[in-house]
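I have a structure I would like to understand better, so I am pasting it below and will then ask my questions one at a time.
Per-chain numbering from 1; labels A, B, C, D and E assigned in written order.
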Amino acid sequence: MNDTARPVRMAVAGQPPSMPGAARALLVRDLRLLWRRRGDAFQPALFALIVVVLFALALGNEPELQARVAAGVLWVAALLAGLLALDTLFRGDAEDGSLEQWMLAPVPLAWLVAVRTGIHWATTSLPLLLATPFLAELLHLPRAQLPVLLAGLALGTPLLSLIGAVIAALTVGMRRSGILVGLLALPLYVPVLVFGAGSVAASAQGLDPVGALLLLGAGLAVALVVAPLTAAAAIRISTS
Amino acid sequence: MNDTARPVRMAVAGQPPSMPGAARALLVRDLRLLWRRRGDAFQPALFALIVVVLFALALGNEPELQARVAAGVLWVAALLAGLLALDTLFRGDAEDGSLEQWMLAPVPLAWLVAVRTGIHWATTSLPLLLATPFLAELLHLPRAQLPVLLAGLALGTPLLSLIGAVIAALTVGMRRSGILVGLLALPLYVPVLVFGAGSVAASAQGLDPVGALLLLGAGLAVALVVAPLTAAAAIRISTS
Amino acid sequence: MNPLVRWFHQLGSPPYFDRFAARWAPWSFGAGALVMAIGVAWALNLLAALPGVGAWFFVPSDYQQGDSFRILYIHVPAAWMSMFIFGLMAVYAAIALVWRIKLCEILAMACAPIGAAFTVITLATGSIWGKPMWGTWWEWDPRLTTELILLFLYLGVIGLYQAIDDRRNAARAAGLLAIVGVALLPVIRYSVVWWNSLHQGQTIRMFGQSSMDPSMFPPLIAMVIGTKFWFIGSLLLRARADNLDREAGKEWVRERAAAQEATP
Amino acid sequence: MAASGQPIAMTDPAHPTPPLLAARDLCFSRNDLPVFGPVDLSVDAGEALLIRGDNGAGKTTLLRVLAGLLRPESGRIEIDGHPTNTPERTRALAYLGHLPALKADLGALENLDFLCGLHGRRASQTPESAMRIVGLDGYQDALARQLSAGQKKRLSLARMWLSPAPVWLLDEPYANLDLDGIQLVNRMVQAHLREGGAALVTTHGAYAAPPVRTRELVLERAA
Amino acid sequence: MAASGQPIAMTDPAHPTPPLLAARDLCFSRNDLPVFGPVDLSVDAGEALLIRGDNGAGKTTLLRVLAGLLRPESGRIEIDGHPTNTPERTRALAYLGHLPALKADLGALENLDFLCGLHGRRASQTPESAMRIVGLDGYQDALARQLSAGQKKRLSLARMWLSPAPVWLLDEPYANLDLDGIQLVNRMVQAHLREGGAALVTTHGAYAAPPVRTRELVLERAA
């Protein structure tokens, strides 16, 4: 059972945790918490819905105008919803001391961060993704643009979550990070938005949207590797 | 000094607090805190700026389209910035136990809530109001519509703050209210948005915007009286 | 030990750095001010009035833009500095994170406000220039937008540095953000290439074929050099202040303060 | 210490003075499960009431009900023999709970200033003198976030010391304090009672109670 | 209790066993002000180290540095005589801090389940058995938010009991506990040491230490 590289005199016979085991424990925990607060799962999608409605109201009843801005509004709504949900990524765990225990666990912190970010994406952004066709309909988005919009969001929202994880980690030590998170995250979100909204705009003009989507995919691949490591480093810095 | 209606045997000679005294103490405290974190004062305005940037980017570089949606975008930005700042209204005080002491102070809780909301408006929405002409310029808002927009925001943002105070009070007992605040607040914000954005739209079409502005003013007058009392009751309920 | 490495180690000691900065900051400022003054005078054809050699210093008006192009001599150096400083800040931050050299933390954080100031200057001069050229102060053009985002990043670094209580942790956290933000620099640089843009494309090349009139070059070079010196001066000054602030209460600071009072 | 050393009796001298604070038949439930059963208690000026009970017995809950932070299910709370509602009790009670009520970004003295503005203060004390008394001299300008657990507790004690309210509700005042701090609490309670105040103190019974006239209430876990 | 009652010595029997945990010349500063000066300490299997010190002396900070939550300014920390970095120490150390590391919305047992997944667990124990040992039988399904201060502390103790790490770092384990709880801590520490573990315990010295082989370290406020 004692399988450290340099043997530690383990006084107590025990089972050290494995990386998949820790990930499973985290998954079970988060799903239980989600089930306890079932309503919360739909909140980001609801928030996006409200932003869309606010916009529709603020623009007045002009379907043609709405159709032109629809893709942009949906991207911004997704982005803002992700931003608001960011605070729940690590903060709860920091405040009740769980994060300390993560740092002291014999599994790499970056691995826990990656798993947590994945779960967080699946529970906040995925519902939003599923609601997108409905929201698009509300804003009279032309049907032909919907697949591009969905593809962009499917690649873009995990990227946003990963970038957001770094920012959330940087601010987790602060009592009230408030709006600072937004200030730090949004500039980094901008490229994602530009390529995401750009792909829809390209397809609206009859151009090929694949280039922009490929760039999003490349960004996602890089972030999948780099972001958890950076976020783990950031957590260690900002909680000390 | 002992001036309760029904005299309490005050064992200790002391100075009970007065309502203006408590308000002054709160004001001094909040200004000190703001000064400690000077940067935070500009955050709502910066957030609004970022929302504007996001929108401008998402809509692509089409000045004419931007001008048409400018007023709506600015209202939504102000509203979202106010929403994000809402969490700082009572939550900090709830988490460190200050709110308990507010409830136990010999001055009415509603008074403290009113003062706190006023300070909060002045430190979060006022900078945004001052930044509006600049933001409007960025979105190519026609100059003629600017005074109407400003008047609407000047009446509308305090109203949003007061409504927000009630929502913040209702959710203050919760650990992580997160996005829930947004869900509760936004439906109540909608009428303000409709009249606010509506007034600009009216003036854009050459109609008289005064009616919508008067309605906002009336709403503000009512909220000034009702909201602090409601928020105080909500705090008592949600912290027990 | 390699003398360069030894010098670097020496520089890392707070009292030594304080002396170094106190000594060289005024010189840098002086050199910067002088070179920039020459550059501005040259650019505005003030030097052309010099008797005899005046013709050497003449900068012609642009055939399209007239005299309004002369704002270029502020705009372009400031724009380059805004990006250069961000990169330098990230380099300092990376050194600070890996080798935990305190001086590098201080230097990285001292870069941020200066870089932000250059970014503001770029945006302001660009806007002023844009009004006659494009008929509008602001346009959601890729280069303009990315430069604005660079400003946000600077503000984010500064905000994060101030929001964290412990200075070393604050510097490390903000430094990490700076490193992450470096990804933006190539986007700014190549935005005019990747997207079709209102903004002027790559016209100036320090090396190789440039599409600018050769006589327009020398003042630009003077401004580029001048801003570098000016930057070094303010970097030393800011870093010195931060260094003193962190070391306040240490023996050598008290000694130096006492010495300062003794010789007013 | 306050000038008026003697309690001022406001009741008819023919009758015995009613207790400063009393509760009759006090019950509290959460989700219809009783947390503590009917409780009767009373403390008079110059007395301390020690509330003992195991972990989870309901001590914290009882103090919060008395303070007015929670609403009792039934029963009534009297001050000077008069049933009172929550706002009326605020003048008579000062509460020290688990949370320190300190703003992390304000200095120690600034925190006390604010709390005095909110609750009033004893005529004879200033925030400065209170900080000296609790042994935080030299920490006036330290930010609350930089204080250790025990230092925060001491600052909260300074707040109690400044409050003009005669009845102190202290929830585990000894937790996190060193031996010196424990003696400090005892001395402060003693001085407060000598001036005609009263104190309710919850404890697990692990500490020596202060040498004052003391009543005791033992809470047992309901159900 | 664990099956392997005897510590397994991994070092050359010719030389004396190095201590389980040792620190040499450990320093920590905040904003360039020293919090504690150079500290040397060592604990061996079967020993407890009592870290005493006044409020603000730096006890919490020292434990956090040892645990690896804070980075020492200088000095080194050794496990079994080998200098270690933070990740290497995680297998050897279990930390009980001021924060309970409990999710308010999970049941007591669910909380333990998660923490076992994260830290591993002793072969001989299950979350159920640990809850019985700390006296929380019957609270398995109670949500953590509904537990009183002392009950939360007991649940955290159950987590320590489940951890397979040989060295316990306990920051004020006695705070908020009733007399019964204090004895519980002492019994748990004793049993852990008997199995070859070690424990570092901070305290203000107000409590009786457990009857085990004990070293002592007194921290004094720096500057």
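Methods note: a contact is a pair of C-beta atoms (placed from the backbone, for glycine too) under 8 Å apart; a residue touches a chain by one contact, two chains touch by 3 or more.
In this text the structure is predicted, and so the values were computed from the model without any measurement.
Novice: Contact counts by the stated rule: is the higher one at C-E or B-D?
Specialist: Higher contact count goes to B-D.
Novice: Rotation angle for the CA superposition of chain A on chain B, to the nearest 5°?
Specialist: Rounded to 5 degrees, the superposing rotation is 180 degrees.
Novice: From the centre of chain E, which chain's CA centre is farthest?
Specialist: Using the mean of the C-alpha atoms as each chain's centre, the farthest one from chain E is C.
Novice: Just how far, in Å, is the C-alpha centre of chain E from the one of chain D?
Specialist: 33
Novice: Distance between chain B and chain E based on Cα centroids, please, to the nearest Å.
Specialist: 46
Novice: Can you work out the whole-Å distance between the CA centroids of chain B and chain C?
Specialist: 39
Novice: Residue numbers in chain C touching 2 or more other chains?
Specialist: In chain C, the residues touching two or more other chains are 145, 149, 152, 155, 159, 163, 166.
Novice: If you look at chain A, which of its residues touch at least two other chains?
Specialist: If we look for residues of chain A contacting two or more partner chains, we find 92, 175, 180, 183, 186-187, 190, 240.
Novice: Where does chain D touch two or more other chains at once, residue-wise?
Specialist: 98, 104, 145
Novice: So in the complex, which bits of chain D are touching chain B?
Specialist: It comes out as residues 2-4, 7-10, 20, 45, 67-71, 79-80, 82, 87-88, 90-95, 97-106, 110, 113-124, 163-166, 192, 195-198.
Novice: Okay, in this complex, where on chain D does chain E touch?
Specialist: Residues 30, 53-57, 60, 98, 147-151, 153-154, 172, 174-182, 204-207 of chain D touch chain E in their complex.
Novice: Write out the stretch or stretches of chain A touching chain B in their complex.
Specialist: Answer in residue numbers: 40, 43-44, 46-47, 50-51, 53-55, 57-60, 65, 68-69, 71-73, 75-76, 79-81, 84-85, 87-88, 91-92, 175-176, 178-180, 182-183, 186-187, 189-190, 193-194, 197-198, 201.
Novice: What residues of chain C sit close enough to touch chain E in their complex?
Specialist: Those residues of chain C that touch chain E are 166-168, 246-247, 249-250.
Novice: In the complex formed with chain C, which residues of chain B make contact?
Specialist: 37-39, 46, 50, 53, 56-57, 59-61, 63, 66, 137-138, 140
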